[in-house]
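What follows are several structures.
Here subunit A shows up in two complexes: once beside subunit B, once beside subunit C.
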Partner chain A sequence: MRARLPQRVLPPLGFALIVLGSWYGVARHLANPQLLPSPWTVGVALVDLLGNGDMVDDILASLGHLGLGYGIGAGIGLIMAALCARFAALETAIDPLVELLRPIGAIAWIPFAILMFGVGSTVPVFLISYGAAFPIFVATLAGMHGVDRALLAAGQALGASKRMLITHVVFPAALPHVLAGARLSLGVAWAAMVAAELTGSDSGLGWRLFWYQEFFRMDRVMAVIVVIGVLGVAADALLRALRQAVVGWSPEDSNAA
Partner chain B sequence: MEGLIPRIAITSLGKTWQGRRGDVEALRDINLAIGPGEFVAVVGPSGCGKSTLLSVVAGFATPTSGKVLVDGLSVDGPSPERGVMFQDYALFPWRTVADNIGFGPLARGVKRAERLEITQRLVALVGLDGFQDRYPHELSGGMRQRCALARMLANDPAVWLMDEPLAALDPQTRIVMQDELLRIWGDERPADQRRAVLFVTHGIDEAVHLSDRVVVLARRPGRVRAVIEVDLPRPRSALRSSPEAARLVAEIWALIRDEAVDAIREENG
Partner chain C sequence: MRRDRWIAITTVVCIVLLWQVAISANGLHAKVPSPLGIVAAIAAHVADGSLPSALRDSFLRVAKGFAIAALIGLPVGTAMGMTPILARAVAPFLDALRSIAPIAWIPIAVLWLGVRGDAAVFIVTYAAVLPLALSAHQAVRLIDQRLLQASHALGAGWFLTLRAVIIPGSIPVLITAVRVSMGFAWGAVIAAELAVGVKIGPGQGSQGIGQMMIETLYVRRDVDTLAMCMLCVGLVSLAIDAGARGLGRRLAPWKV
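Coming up: the complex of A and B.
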C-alpha cells in the first residue's frame, strides 16, 4: 500500500532542504567560493546556460548519443537473449564470453575506443551500446528461461501451437523481466554516456563538464551535473511509466525489478 | 460401465521417472476405464502417483509401458480434446478473465465474434459476471478457480482432467465450489449430457461427494489398491454428510491410513 501524499513527500523534501541549507552555509562561511559555489550561484549559472542555448545543444547531443547507443546496445542484448532462449547451443557458446566481458564495464574501454575511433560521437555511442547490452541480455534470458512450466502446459492443453506458445505465453511472461532489464541497461548507459563524453567526445553534457573544468568554472560544472542528474531521473521515470502501461497486470513487487 | 465404449481406457500403464538420483517408478500396471459421463475420482497417500497418472492422460508425460486411449485414439501429447485444470489454476496473469477464457478458442482459430459469444456464456455459467475485465491477481481464490474452469470449458473438451483443482481453497469456498462443479458438470441432468471426468484429489470426502467411482491408489509404486463404487443418488448437493457417504469415507480412509502415516513419516524424516 502506498503511503498518503504528505507522508511520501514531506520527509524527502525536508531532507533536501537540510542538504541545501548545509551546502549554503558551508559555501558562504567556510569554503573558498571559487571551489565551492553556493546553491544560489549554481542556480544562476544554470539559468544562464539554459538561457543562452549552449546547454540545449549539449543536452541534444547527449540524448543523441544515448538514443543511438542505447538503441543499438539494448537491441543487440534483446535479440541475442531471444536467440539464446531459442537455441541452447548458442547460449552455451557465447556464455563464457558474456561472463568475461560483462564485469569489465564500459569505462574500461574508453582508451580503446578513443584510439580506435578518435575523439568524437562514435566513442560515447560505442560505449553506451556496450554498457546497455548486458543487463537487458541477462534479464531477458532469465525471464525467458523462467517461464512457469504450468503456463506452458496450460497453453498446450488449450491447443496452442508451438509458435503461439512463444508469442502468447513466453513473450508476455518474460516481458516484466525485459522491462526491468531495460531499466538497468538505461542506468548503465547513462553513466557510460557521461564518462565517455568526458574524455572521448567533442559534444554532449560530459564533454561540457570537461570544458568548464578547463576554464575553472565550478559553478557551471555543478550546473551541468544538476542537469545530468535531473535528466537521468526523468529517463528512469519514463521507463517506469512504460512498465506500468505495458505490464500493469503484474504487481510491481512480484518482479525482479 | 460394461457394454459401453470407455472414453478413457488405461491399460497396463506404467511410468518410471528418470532422475539424477536414479529412476523412480511412479506407476505400475494401472488399469482403468472411464465411461461417457462418468465422474471418477483418484485418491491416495502422498507419492502414490495420482498427479503422474493425470499428466500421462493429459499427454504431458509419456507412458513407460502400457497405453492410454481417449475415444479409441492413443494419447500422444496434449490436445484441446482433453481439458485440464491445474492445481494452481495456471491462469495467464497478463490476460483478463475474458481473455483467459478465450485463449482456447483463439488457439483453435475460432472467429472473434464467436469467441466473444463463448466467453460471455461461460462467464455467466461460472458466475463471474462483472469480473470479465479483471486480471487474475485481482481475483479471490474461488474466482480464479471459476475462471480456470471456464477456460477449460471454452474448448468444450470431451473429457475433463482435474488435478486437485480445489486444494488451494479455504474449506467453505471448497464446499461451495464442489457443488458449483457438480452443477456445471450436469449433476442434475441425465448422464448422457455429462462429460467424463478424471478428478485427482487429496480429499476423501470430496471424492465421495463428487464421483461415481473412487479409485484408491497405493504408493511406491502407484498401483490400484481398490475401486469403490459410490452409489449415492444425484443430484448430490443435499446429500452432504449422509450416513452412506460417511461409511464410504471411512472405508476409503481405512485403505489409505497406514500408507498415509508412512508417507508423512518419510516426508518429515
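Coming up: the complex of A and C.
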C-alpha cells in the first residue's frame, strides 16, 4: 500500500515551500530581522556559525552532556529494571518511590540542581540522567514481566539452565521493550537537555539560545533551533534504525510501553 | 495486592522517617530539604496565599495554552485523517517540529510576547499542539473502515460522517492524547517560567510556580520551599493524569 515516490515526496515538498514562502513573505513585510529573520538570513547564519566553528563547539558540548547523562540514566534504569524483575521484594519496595518521583519530571529539578551543582555541565548531565532513567525502567520492567510463561516452561522442560533461560528466553523477549523504552528516554533526555542548558549551564546549544538573544541575533537563535531539530530527528532515526536492525522481527506497535 | 500496598506504605514511611532523622542528627537543615521543613514550608506558603496563587497562575497558563492547542491541533489532525494528501504533506513537517524541544522557542517567544506570561503560554501551546494534531490524525485512521463505508452507503455527507462516526470514534484515542499532551504542557509551563525567571531575574516575571522556584533559588536559597514546589509540580501532574482518566471514563465508557 505504499504510495509511489512522487506521491510521497511532492506533497511534503509543496507544503515546505508554502511554509518557507509565507515565512519569507512575512519577514520581508516586517523588514525587521531582530523580530523575525527571513529563512534566507537564518540559512546564512547557520552556514556562518558552522563555518567558524562556534556551532560545532556547541553541538559537541551538547552531545557530550547527552551522551554522559543518557548513558548514566539509561544504565541505572536498565539495571534497576533487571534487579526488580529478579527480586520481587525490591520491586514492591521501589515502586512507590518511582511513582512518587516520576511525575515530578526532570524540569522541576532544575533549580535544585543549580543549587547543588552550581551553573555548569553537571546540571544538564544530572537532569538528562534523571529524565532518561524512568521511561527505560518502566518499559524494560514491563517487557521482563511480559515474557511468555509458556516459553519459560518450554525452556525448563527442555533442560535449559537458569542462565540459559535468561540469555535465550528472557533477554530476546524483553529486547523490543528495552529499545522502545530507550527511544522514549531519548526524547525526554533531549528536551531535558535543552531546558537544562538554557537555565543552568555555561555551554551547549540550549545555552547558546539565550547567549545569541542577548545580542538580538535572532537569525542565530533560529539557526540553533534548526540544529536542535535536525539533531533530534537524527538521534531518533538512529534508535529506530537500531531497533529495526536488532529486533526487526517484532512488530512496532506491540512494544509501545 | 493488599500486602503489596502495606509494603509500599511502610517503605515510604520508613524513608521519610530515616530522611528526617538523618538530617536532624547531622544538622543539615539549611542544605538539604527535610520532611518537617517541607511541611512547615507548605503551611507558611498556604497561609500567606503565595503557593495557591502561584499554582493558579501556572495552571491558568496551561489551560489557556492547551485550549489554543486543542482549537488548532484537533481540527488539523482530523482534517489530515480525512484527506490523505493533506496528511502526506503536513505529517513529516509536524514530526520534524516535534524534535525541537518546546523550550528552545523561549527566546523568540519572549521577544514576540514579553516575559509576563504570554511567552509561557506560547511554549505550552507549542508543546501540546503537535501531539494533539498527530493523535487526532491517528485516531481517524484507526476508525473501523466498515463504519465509514456503511455511513457512505447510507448516504451520509462529510459533515454527518464527521459528527456521527469520526468524532465519537476518535474519542478514546483523543483522551489518551489529551492526557499525554496535558502532561507535556505542564512540564513546558514550568520550563518556560524557569527560563524566563533565570533570564530576567527575581522580582518580576511570570508569577507562576516556576518563578517561585527561581525566587527561592536566587533570593532565599531555601531548600525546603524548593522541595515543596517540586512536590506540588508532581502532585499537579498526578491530578492532570487522574482528571484525564476520569474524563475518559465519562466520555468513552465503552472503552476505558
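We take it that the second predicted complex is superposed on the first by the 246 of 257 C-alpha atoms of A that agree within 3 Å, B and C clash if a C-alpha of one lies under 4 Å from a C-alpha of the other, contacts with A are read in each partner's own complex, and residues count from 1 in each chain.
As a working rule, a contact is a pair of C-beta atoms (placed from the backbone, for glycine too) under 8 Å apart; a residue touches a chain by one contact, two chains touch by 3 or more.
These numbers come from a predicted model, not from an experiment.
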item: Touching partner for A:5 - first (subunit B), second (subunit C), both, neither; value: neither
item: Partner chain in contact with A:245 - subunit B first, subunit C second, else both or neither; value: neither
item: Contacts of A:30 with subunit B and subunit C, given as first, second, both or neither; value: neither
item: Partner chain in contact with A:212 - subunit B first, subunit C second, else both or neither; value: second
item: Contacts of A:173 with subunit B and subunit C, given as first, second, both or neither; value: first
item: First, second, both or neither for A:164, with subunit B first and subunit C second; value: first
item: Partner touching more residues of subunit A, whether subunit B or subunit C; value: C
item: Residues of subunit A defined as touching subunit C within the complex; value: 3, 7-8, 11-12, 14-16, 19, 34-35, 89, 92-93, 95-97, 100-101, 103-105, 107-112, 114-115, 190-191, 193-195, 198-200, 206, 209-210, 212-213, 218, 221-222, 224-225, 228-229, 231-233, 235-236
item: Residue ranges of subunit B touching subunit A (in the complex, touch as defined); value: 58-60, 77-80, 82-84, 86, 88, 90-95, 103-104, 106-108, 135, 137, 151, 154-155
item: For the subunit C and subunit A complex, residues of the former touching the latter; value: 4, 7-9, 11-12, 15, 85-86, 88-93, 95-97, 99-108, 110-112, 186-187, 190-191, 194-195, 198-199, 213-214, 216-217, 221, 223, 226-227, 229-231, 233-235, 237-238, 241
item: Complex interface listing, subunit A residues touching subunit B; value: 148, 150-151, 153-161, 164, 168-169, 172-173, 175, 247, 249-251
